[in-house]
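Only one structure is covered here, and it is reproduced in the block below.
Letters A, B and C name the chains as they come in the text, with residue numbers starting at 1 for each one.
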Amino acid sequence: MAHDLTLSANTRPRRWSAPLALWPYSLAGFVALFAFWFAVAHSGLMPARVLPGPDAVVAAFFRLIREPFAGFTLQQHLLSSTIRFAFGFLIAAAVGVPLGLLMGRFRWVDDIVSLVFEALRFVAPIAWVPFAALWFGTGIGGPILIIFSGAFPPCVINAYRGARLVEPRLIEAAQTLGASQWRIITEILIPGAVPAIIAGLRIGAGLGWQSLIGAELIVVSSGIGYVIVQGQSNLATPIVMAGMVAIGIVGFVIDVLLRAFEHWVLRKRSGA
Amino acid sequence: MAERPHTRGVGVRRPLLGITSVVGLFLLWCLLTITGVVDPARFPGPSDVWHAALQLSGPGYAGGTLFWQIWYSSRLVALGFLFAATTGVPLGVLMGVNPRAEAFINPTFLLVRPIPPLAWIPLAILWFGLGDIAKIFVIWFAAFVPALINSYTGVRTVDPTLIAAARVHGASRLQILFEVMVPGALPLVFTGLRLSLQASWTTLVAAELVGAFFGLGRVLIIAAQDIYPGMIAYAMAWVAVLGAAMTAALAVVEKRSMPWRTT
Amino acid sequence: MSAISFLDVVRSFDRVGDRPIVALDRISLTVAEREFVAIVGPSGCGKTTLLRLAAGLDFPTTGRVLVGEREVRAPGPDRAVVFQQFALFPWKTVRENIGFGLKCRGMSARDREVPVEHYIEVMGLGGHEDSYPHQLSGGMQQRVAIARSYVLEPDVLLMDEPFGSLDAQTRIEMQEELIRLARFSPRTVLFITHSVEEAVYLADRVVVMSRRPGRIREVVEVAGLRRDEAWQDRPIEEVLDRESFIHLRSYIWKLLRDRQGDHGAIDQLEPKRTVSSVR
């Protein structure tokens, strides 16, 4: 059994991939989860209101696609959410990444912005909801504000780190070759910081999506978060769970897309 | 990069810039609110916030004084966080050292992970009602994931040479686990705990915003309904302060428990 | 071509709480036009600092640094620097790296082609123009770095242990290469190295520096010897074997190892090591 220990210790850390010989365990885990769920749901131990079975959830999911609930169909709600997310995230990235880079490159920018940034950063994005409601009502501005406050810090922080981690030698080499400040930023700093920037974008997207859901629990009248809150008020648990599944899927897809983007950028960057 | 000597003021200049910008923003804030450029019903001025501070500290608001609200919120965060730490870290370590356990638990984890913790709030309310248990459940869930992932990664990235050295010295599996893998994984475990704590706090505020009897989140939502922007700002400030304080406290614990670290 | 002059240069660093660290203590040195001067010394003697002062990447605390009669104020392509770790831009191809300085100058892509191609050929990089640095060996990367500097036809070439990260064989190849290049296109060179052998083989004069605070122990003439014995016409293995070469090398080695020197007297009076006192 000590053999096991060295086996896992000697392999490089792989995130969430089990070697081929272990797939029976994965399958077993997968099956066990659904079997357990199904059994408990239909055993009568818990009322259907509390724990609907997987079949009920799937049914609710497709029903939401066919019939409107709380004003719109599932697709329409999802579209609403996605648009808000896109706006909020893109604004956060467009403002955050350049700011982070500038802070990393020029100490004085860092000095000026840092204190204020650190103070605001610790305000949980969700805490902006009351102001969002006050300032924007149920308009799109509210969710965008909240998404922004969730996605903005990682974009800034990672761009900052990326800029700082660019080898000073490279910047010096560029200086000795006669590069202007602008050229240094565009041809040295940004390419050098790209991996960190993209990592920041991925984290920012994750946090932004989460913040969106939080916002949609409260200050909106459409969207997937709205769906699950309405489902809860109506005691329609299958709808709540179906909504959660939809949220999970979209979040997953966003991450996959960003990973692909990361892959593409890194390949273009060093032709490997 | 070129540094010019004779700029002895550098050490003083830097914090000065930071303070100047903060002071500048504050003055701008006063200016905007006093001249009425911004609608006072929607945007609080310094005096509004001060007024709210007095009220919350004194007679109280939304069911209690400042102390009470903070105490209430913090209690829930602490409970949720502790549950998450005591379940997430050991499970993560287990998954890290035992590939079979990892393979078995993985699918469940992969399926559940993309669902943001906040999305569990309505379900938690359906299951447990509006009380404390629902909150603790959601906090637990939010904090559990980072603790687990980071403990797992921490264990997996322990230098294999160290483990080999332990085996050469005749250490048993349990000894290797507790004397090499756990201490080696501690830095990442703490990173996970830090993320857990932040997630706990964020989730609690969200849960309280959706529906609660007490707490800072409740203060926020009542203040929104009452259109009391001063109180909103004041409560937000406390959310930020407490978040920062908890992170700092954890950092202290982290430093103490890893005396061998230089960073 | 320009000459480099260090006039009574002192470079010290403030440390909070402690006394200042003196990296260079009253250095006066002139590198004549087209002269190849090597600097050797123990770690921490300030030789890299000296080079950075000439490059404009650092500034003296007191004293002046002149290149071509003008005081050094900022880095620039007239004083090209070759770094030990190559400092090639990882996301640019060989061609793009070499052409970078010309691009900064404002040359169009078409105008850049000829000089870049020329130096690719001169440095033996043919066939690798579109490769990325990580795809090349250490030796090739350093060739790219040298080409990148040379293509700008700089007045002054500053080289900071450029062959330090190469293996022994590649190192010798690069030394021969550099000699060839220097004959083909001579410029003022300031060359930092740990290797006494390298210094003697390449330089007209070798400056020997002392431990911190950095001072010049002695300047050793090599050019005369090289000329008399026609080293440039002989293969490197033969030169390294010559008695004159070995003698010179040993002499410099002794200078480096000998702790006493011009502050030998002070050492004897105060055998305890103290933080360097500023005279």
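A few comments on the model shown:
Here is the rule we use: contacts are C-beta pairs under 8 Å (C-beta built on N, C-alpha and C of every residue); 3 or more make two chains touch, one makes a residue touch a chain.
Bear in mind that the values here come from a model prediction, so they are computed numbers and not experimental data.
Between chain A and chain B, the least number of touching-chain steps is 1. Distance between Cα centroids is largest for the pairing of chain B with C. Centroids of chain A and chain B (each the mean of its C-alpha atoms) stand 17 Å apart.
If you average the CA atoms of chain A and of chain C, the two centres end up 50 Å from each other. Note on chain placement: the centre of chain B and the centre of chain C lie 52 Å apart, centres being C-alpha means.
The set of chain A residues touching two or more other chains comprises 172, 175.
Counting partners per residue, chain B has 1-2 as the residues that reach two or more other chains.
Taken residue by residue, chain C touches two or more other chains at 56-57, 74-75, whereas all remaining positions touch fewer. Chain B makes touch with chain A in their complex at residues 1-2, 13-15, 17-22, 25, 42-43, 96-100, 102-123, 125-127, 153, 156-158, 160, 163-164, 167, 172-173, 176-177, 181, 201-202, 205-206, 209-210, 217, 220-221, 223-224, 227, 229, 232, 235-237, 239-241, 243-244, 247.
Residues 55-57, 74-77, 79-81, 83, 85, 87-93, 100-101, 104-105, 132, 134, 148-149, 152 of chain C touch chain A in their complex. Only residues 1-2, 4-11, 13-16, 18-19, 22-23, 25-30, 32-33, 49-50, 107-108, 111-116, 119-120, 122-131, 133-135, 168, 171-172, 175, 209-210, 213-214, 217-218, 225, 228-229, 231-232, 235, 237, 240-241, 243-245, 247-249, 251-252, 255 of chain A touch chain B when the two sit together in their complex. Those residues of chain A that touch chain C in the complex are listed here as 167, 169-170, 172-180, 183, 187-188, 191-192, 194, 269-272.
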